[in-house]
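So that we are looking at the same thing, I have put the structure below in structure tokens.
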Amino acid sequence: MMSDPFFHPVSGFDLPRFAGVPSFMRLPVVTPDHPRFADVAIGLVGVPWDSGTTNRPGPRHGPRQLRDASTMIRAQHSVTGLRPFEAANCADLGDVGPNPADIQDSMARITAFYDRLVAQRIRPLTAGGDHLTSLPVLRALARDEALGMIHFDSHTDLFHSYFGGTMYTHGTPFRRAVEEGLLDPRRVIQIGIRGTMYDSEDRDFAKAEGIRIVEIEELFARGIPDVMAEAREIVGAGPTYVSYDIDFVDPTFAPGTGTPEVGGPNSFQALQVCRELYGVDIAGADLVEVSPPFDASGGTAFLGVSIMFELLCAMLAA
Amino acid sequence: MMSDPFFHPVSGFDLPRFAGVPSFMRLPVVTPDHPRFADVAIGLVGVPWDSGTTNRPGPRHGPRQLRDASTMIRAQHSVTGLRPFEAANCADLGDVGPNPADIQDSMARITAFYDRLVAQRIRPLTAGGDHLTSLPVLRALARDEALGMIHFDSHTDLFHSYFGGTMYTHGTPFRRAVEEGLLDPRRVIQIGIRGTMYDSEDRDFAKAEGIRIVEIEELFARGIPDVMAEAREIVGAGPTYVSYDIDFVDPTFAPGTGTPEVGGPNSFQALQVCRELYGVDIAGADLVEVSPPFDASGGTAFLGVSIMFELLCAMLAA
Amino acid sequence: MMSDPFFHPVSGFDLPRFAGVPSFMRLPVVTPDHPRFADVAIGLVGVPWDSGTTNRPGPRHGPRQLRDASTMIRAQHSVTGLRPFEAANCADLGDVGPNPADIQDSMARITAFYDRLVAQRIRPLTAGGDHLTSLPVLRALARDEALGMIHFDSHTDLFHSYFGGTMYTHGTPFRRAVEEGLLDPRRVIQIGIRGTMYDSEDRDFAKAEGIRIVEIEELFARGIPDVMAEAREIVGAGPTYVSYDIDFVDPTFAPGTGTPEVGGPNSFQALQVCRELYGVDIAGADLVEVSPPFDASGGTAFLGVSIMFELLCAMLAA
Amino acid sequence: MMSDPFFHPVSGFDLPRFAGVPSFMRLPVVTPDHPRFADVAIGLVGVPWDSGTTNRPGPRHGPRQLRDASTMIRAQHSVTGLRPFEAANCADLGDVGPNPADIQDSMARITAFYDRLVAQRIRPLTAGGDHLTSLPVLRALARDEALGMIHFDSHTDLFHSYFGGTMYTHGTPFRRAVEEGLLDPRRVIQIGIRGTMYDSEDRDFAKAEGIRIVEIEELFARGIPDVMAEAREIVGAGPTYVSYDIDFVDPTFAPGTGTPEVGGPNSFQALQVCRELYGVDIAGADLVEVSPPFDASGGTAFLGVSIMFELLCAMLAA
Amino acid sequence: MMSDPFFHPVSGFDLPRFAGVPSFMRLPVVTPDHPRFADVAIGLVGVPWDSGTTNRPGPRHGPRQLRDASTMIRAQHSVTGLRPFEAANCADLGDVGPNPADIQDSMARITAFYDRLVAQRIRPLTAGGDHLTSLPVLRALARDEALGMIHFDSHTDLFHSYFGGTMYTHGTPFRRAVEEGLLDPRRVIQIGIRGTMYDSEDRDFAKAEGIRIVEIEELFARGIPDVMAEAREIVGAGPTYVSYDIDFVDPTFAPGTGTPEVGGPNSFQALQVCRELYGVDIAGADLVEVSPPFDASGGTAFLGVSIMFELLCAMLAA
Amino acid sequence: MMSDPFFHPVSGFDLPRFAGVPSFMRLPVVTPDHPRFADVAIGLVGVPWDSGTTNRPGPRHGPRQLRDASTMIRAQHSVTGLRPFEAANCADLGDVGPNPADIQDSMARITAFYDRLVAQRIRPLTAGGDHLTSLPVLRALARDEALGMIHFDSHTDLFHSYFGGTMYTHGTPFRRAVEEGLLDPRRVIQIGIRGTMYDSEDRDFAKAEGIRIVEIEELFARGIPDVMAEAREIVGAGPTYVSYDIDFVDPTFAPGTGTPEVGGPNSFQALQVCRELYGVDIAGADLVEVSPPFDASGGTAFLGVSIMFELLCAMLAA
């Protein structure tokens, strides 16, 4: 399928990259009430929200900084030669409007927004927001069948609860998603896990449910191609969600995040894992936990949108 | 009353100001389970919480940065000669442990903590936290009678609700406090109000209830002594709460805050208003909305603790 | 005239201020090819360009940071009660696309863009860009008659040339504008001039042409109301341009600029001068020299858009 | 030995990591006058001091920033499963009070403090302070017998003197320690040495004394496991000091230090070397040269405390 | 006296201000071994040293950042029209080489350097360095007779000792200078004093010796012209030293310093006090305590060199 | 050849590294009018210029920040033992004075400056400036014969034109250099190319002309020694230019640049490639695109000067 020129991004040869109102990757802004909404194949969505954050806040500011940095993205992948904006109609669908003072209300708003995408068969590429964002998105995407998931992170986000029984935080989304039947745990792999631990409650749950955890030592020891081959095997041919927490990357490369863990992948490896997703049937993807207050330089966001571009190419490479 | 030497802060002539575990103003840490708790007259309390924030988050990190900056505070007020740590037993009571993912739970925890202070007749000087913090504090302090209030801020925080009906945000605490009978609106004055407005709904409420609003133009035109004389007259001899939002101060002097409004007082004026509180019967005071992620330099926090020192002196000058 | 609801900005009570693609003041984006272009009364335009800069560069990034900060602007002026977005159809007209490597080409592009505004009787409120921006804008606005000008700045920008004969820099725009007959020098006043000087060549030109210069010492000695009364008298009833260089303000309040001069007005005074423009027939206005690389915090930009809001109100208050 | 619950750190599931007065790793503060002092097995000590610094100052602020960052440390090592706070009584012993204007006085104070630890058989894990800190610490620890040392650094710190005969700087501590018989040079290995050199005077001393120097090229060529095996062989079974200068790590990962040298290990390698210390009889360890003024973000400090946690585990793994 | 063109600074019209090796105010570098040394009338000297600092270090980096910022200074004073570089031979004399690890050695080196200036009748304008710098400078300048002093600061720097008897810190220089007979205390005035106090030991000394202290409240109440008239009267016609601690200025305007005190003068007032020095017989002047690590933006340094330019003009205006 | 002591840099053992007017590597400043100019063998030149920049500006400030950081460079290469300042007369030749508002004038000034070096057989090591700088330098160096080139970069800089026909930008210098016969394309290799692409127009030109492009994936897959062996083979024995764009390095290691591309070499690899240049006949070299406004910390500049030191050694190792 070739895309409609309406959906082509502005070129930096025509308008300098620092000019213009910054939409994701300089794509047209096509909110759900826009006449071309139904023509979108892949929608880039911002979810400016961080109410699930247990430590340093800020991802509510993520989508805007990611949009700003994304004006540096050009049209073609330098390794694979893929030109995603010509391969499919891509658009910036705007932001979901959250309620920063009400978690349940925000989750309902997010799911409702993604329900509209599902209804139009638009595949979402989400810019978070903290990691709790993935839960209400999955509620829309997995309404019909549980999804597999390839999850890049330094944390499992599989905890039961925090602070004496609080069930919805950015440390619990995938525990809830498994409980709600949104994810098929035997088709879930978590890659890059590291850092000091409270205890092994999350790992115990993973083991019991059949979730595969690849800790950072194993990733570095075996190498990315080998681990990613296993990941593709685990998720198989079924529809799969890709969730990418920016804290998967070493915090020196991505300081703008709330719960960093040192000793992670560098920026080349951060991109490399995405290129190993080609062939997976990606039902949706997200890049979460970019927290601008902790990286005003925008370097984290630029890495984030470079990852988003890789994810976009992977969504179109299948 | 002369204070017990146990409650004297460490001197910078003995231990350099950059050394040591940083408690508020280098006072002893006396949490509620400490044997000397009952001997405290004025307790400095941190409330690291920002769930009511509608724009830029971060005040959850406020108490720690304020403690760090507070090691620069010395023993004597240079203008009035007051030596507060000798005048009364002052202590750092530690932080209230909030639940960052549950507003109602956090408010209950805060009120419960302050109930213990009230029971011991400890007057609190609170370091926020966003401005919603004042509401659960007032629920403890005003259990017996409605308080008056002198409120320094660029916003009235008198709005009815946000985002389609959300009642508890940092823009609504004093609307709730009036509704709950915690504040006597005819004994409330708000000083420094400015900035662009949504509409006049908050001002209409103030007018209807008898709350006095002094906008920044009036403050600058009349001068601080004149306005503060009126403030003292409005609150009269009854017990009064002092609530100081750091965004009262011009954001160039206090950039580390979430909802700045340009065109405010400078740092000299920020202190000067406190010195005009002498004589007021202060039942408790707070300094809120210091948001470290937006001022890693600590300059805002240093101004904040300088204000806290002024408030402490005012609490002891009556 | 009441504005069309299409042109009303998004409210922060509906969508949090950190959410959404950031247009100027959350207004609709109406580029010249938009069907509603002809209905615009006041157009906010970005000119992301700094090729005339002789010292520190960066204003090419100004419009984007100003748009980001402008989402903090609300609907109503707190002092005058004016609600500009209801008073007239206001819109974000997008950015002029400059050529960062060709000054003459860029100037031609800017003038061509503003010619389209003039043709539609849209009054422009420009966000620069460096101060050379004003020259190509004036070439469009003053095509029929020379304009008066009220100019806030720490420099006169009246120099003949730089670096051995270079005629177009941000230090020369108003010398050129006078030479080209775009400004009537006897209806020009420059306010806030200060800083060390090369020599008095610019002042000699001003004196010879009848341009009134108010240095900062005079401004502070006489006070803003008195000086601004003189300004209104100098420009009289004729069409007048207002040019506001952010370096008029003290660099502590506006560090994000390329050629700061210490000892200037504070942020309250920065707004106050604008409120004294009411009654002037403003044909267009600009706010220039905001340089984001020198203030990543965005504080300068927030002050900048606060000034833009004041200028917008002044354009509608006549 | 199982630790006493008094010595267990506060959990982030109970109190959010941003809350509370920040002690090292949220351990109890047990200064030498505390009743439980004698029960401590491993003491974390701050030495806020930088009088030996020859280039950029700042490590005097290190302990406080390290304490702040250390509230992110949890209870369990993710690779080895070790739970150090259960394995032994660990405590924050507070800071040694230095005299920032008198080097000799400060060194005497430091040695006196550590003498008390030695008297109680408390093993110290020190947070510097510049690298001269190690000298007065060694004077206490090696009173009875010379120690071996594994030393991670980009510099040898073996110089004779600076500035025409000054013997005590952060470039000379181990020259002095060898001269004073505190270190057995044949049981000393220095790892990671790099950067431009004045001359080879320090290397000549090392060669003459039998100190083993592993330059960064050798470390990268042979790999960490091989070099660390040699390190363990060199120090053998005797008591050994571990000194870790944060500038061992590449300055991109640890910018907050005074004398950076590019081309060093990344953060994963920074931790990896510590895990290869298991089995060494560690009499004490230090992490020095964290300089907060050069990294206000706290990223260097967070890496620093992650290293301290690794060192703590290594001290307990033997 | 007209200056020799050899001593004229480079113009920004010829070489852009960002170009060239940065000497003070773009003057020629004339170190003591330079053939033109004897022709210098006013020498700008850097003293990169901060060993007397009791709190946050960094002024050792001051002279370099001040030189960098000073390339923004132009040739003419905008208010008085003075052109100092034409009025006298001014030169950058380079830096005194300190010994950062030996206070006494450094003081001896500084005095020796200034002895050479005194021998050549070169008047010094010093860029510190912390405030202890003034003491060894005064030892050279006041060898023959005690000087008067006008001292701008937020602290008196008149303390007896620190940390149990340490006599040489940046809090003690003028106590020592009075004791050594370098200053005539009855011809000394200190202006801008503020901030919390340890006790009144310094004020008691001042009172006993006849030193006049003007606290900030008095300065603001009476106004700068009135206080400075008193200052000129106090120092009279005799030779006078001017010592300007950048922390005299409010820390929002000058954050790059080690011991800030909020509530001070703004940048306009910071310059204004210098213009009131005209007529005083200035034997030498210094600007101290600029600490670049706490203001990487260079704003403090730019204010600092603007003050140095004012001091230079005052030295030539007599 | 042994160098003249006049050309030896100041040692940090004599004068602390933070002291003194900062010339490149603390070498003497020998501008073309200096009596020793003709004795210079290798000249370090600053070109503070960025008029060719299409995205984020700032390299005009590069030379000054590089000079500042370069005072950290010592006398000896730690791996090869080379002592370059003893091997040849090296000097800081000052900056070329550009015209920031006229590209053609600036290029003419640069070429004229380098013509003087060529006339004296001084080999240049240039500190940019943006990458367009290389073109006017090559016009002087390749006047007699086309040079080979080893080019480290993330971009090819081989584009035809920008913005509708603009021929001189930092994306076009080597296209122009090939067209003008300054480079022999069959003796040109470009290493490290990566990032999203507009299209393949630059690669097509390279292929047609015989320029060898090594993308980052190939560099990492084959390893630096293998690729650099090929590079040496391609340039052969003839005179060769080395052009090093700092954005060759991963932006986490070198954030201070205008057009970063994530996923590049680390700082060890950044140095390693230079050490593989030994044996090449280097006619001149440059290090460009260091943009201080995007890295006020100076870390990028310190890496930049470390690379310059490596390049200097390579120029002398042949």
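Lettered A, B, C, D, E and F in written order, each chain numbered from 1.
One rule holds for everything that comes next: a contact is a pair of C-beta atoms (placed from the backbone, for glycine too) under 8 Å apart; a residue touches a chain by one contact, two chains touch by 3 or more.
For clarity, every value in this text was computed on a predicted model and none was experimentally measured.
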Query - Partner chains shared by chain A and chain E (touch criterion as defined above) - result: B, C, D, F
Query raised in the report: Among the remaining chains, which ones contact both chain B and chain C?
Result: A, E
**Report entry** Interface copy of B-C among D-E, B-D or B-E, judged by whether over half of the contact pairs recur
**Finding:** B-E
Requested in this report: For chain A and chain C, let me know how many angstrom lie between their CA-based centres, rounded off.
Outcome: 40
Query - Inter-centroid spacing, chain F versus chain B (mean Cα positions, whole Å) - result: 55
Report task. Indicate the residues of chain F shared as contacts by at least two other chains. Result -> 14, 16, 18, 54, 56, 60-61, 100, 162-164, 252, 266, 294, 297
Query raised in the report: Pairwise, which chains touch?
Result: A-B, A-C, A-D, A-F, B-C, B-D, B-E, C-E, C-F, D-E, D-F, E-F
**Report entry** chain A residues touching chain F - in the complex, by the definition given at the top
**Finding:** 11-14, 16-18, 72-79, 252-253, 266-268, 270-271, 297, 299, 302-303, 306, 309
Report task. Please give the residue numbers of chain E that touch chain F in the complex, ascending. Result -> 14-16, 18-23, 29, 46, 48, 60-61, 63-64, 67-68, 92, 94-98, 100, 296-297
Query raised in the report: Which residues of chain A touch chain B in their complex?
Result: 50-54, 56-58, 60-61, 99-103, 105, 162-164, 166, 168-169, 293-294
Requested in this report: Could you pull out which chain D residues touch chain F in their complex?
Outcome: 54-56, 162-164, 193-200, 215-217, 220, 250-252, 255, 259-260, 262-264, 266, 294
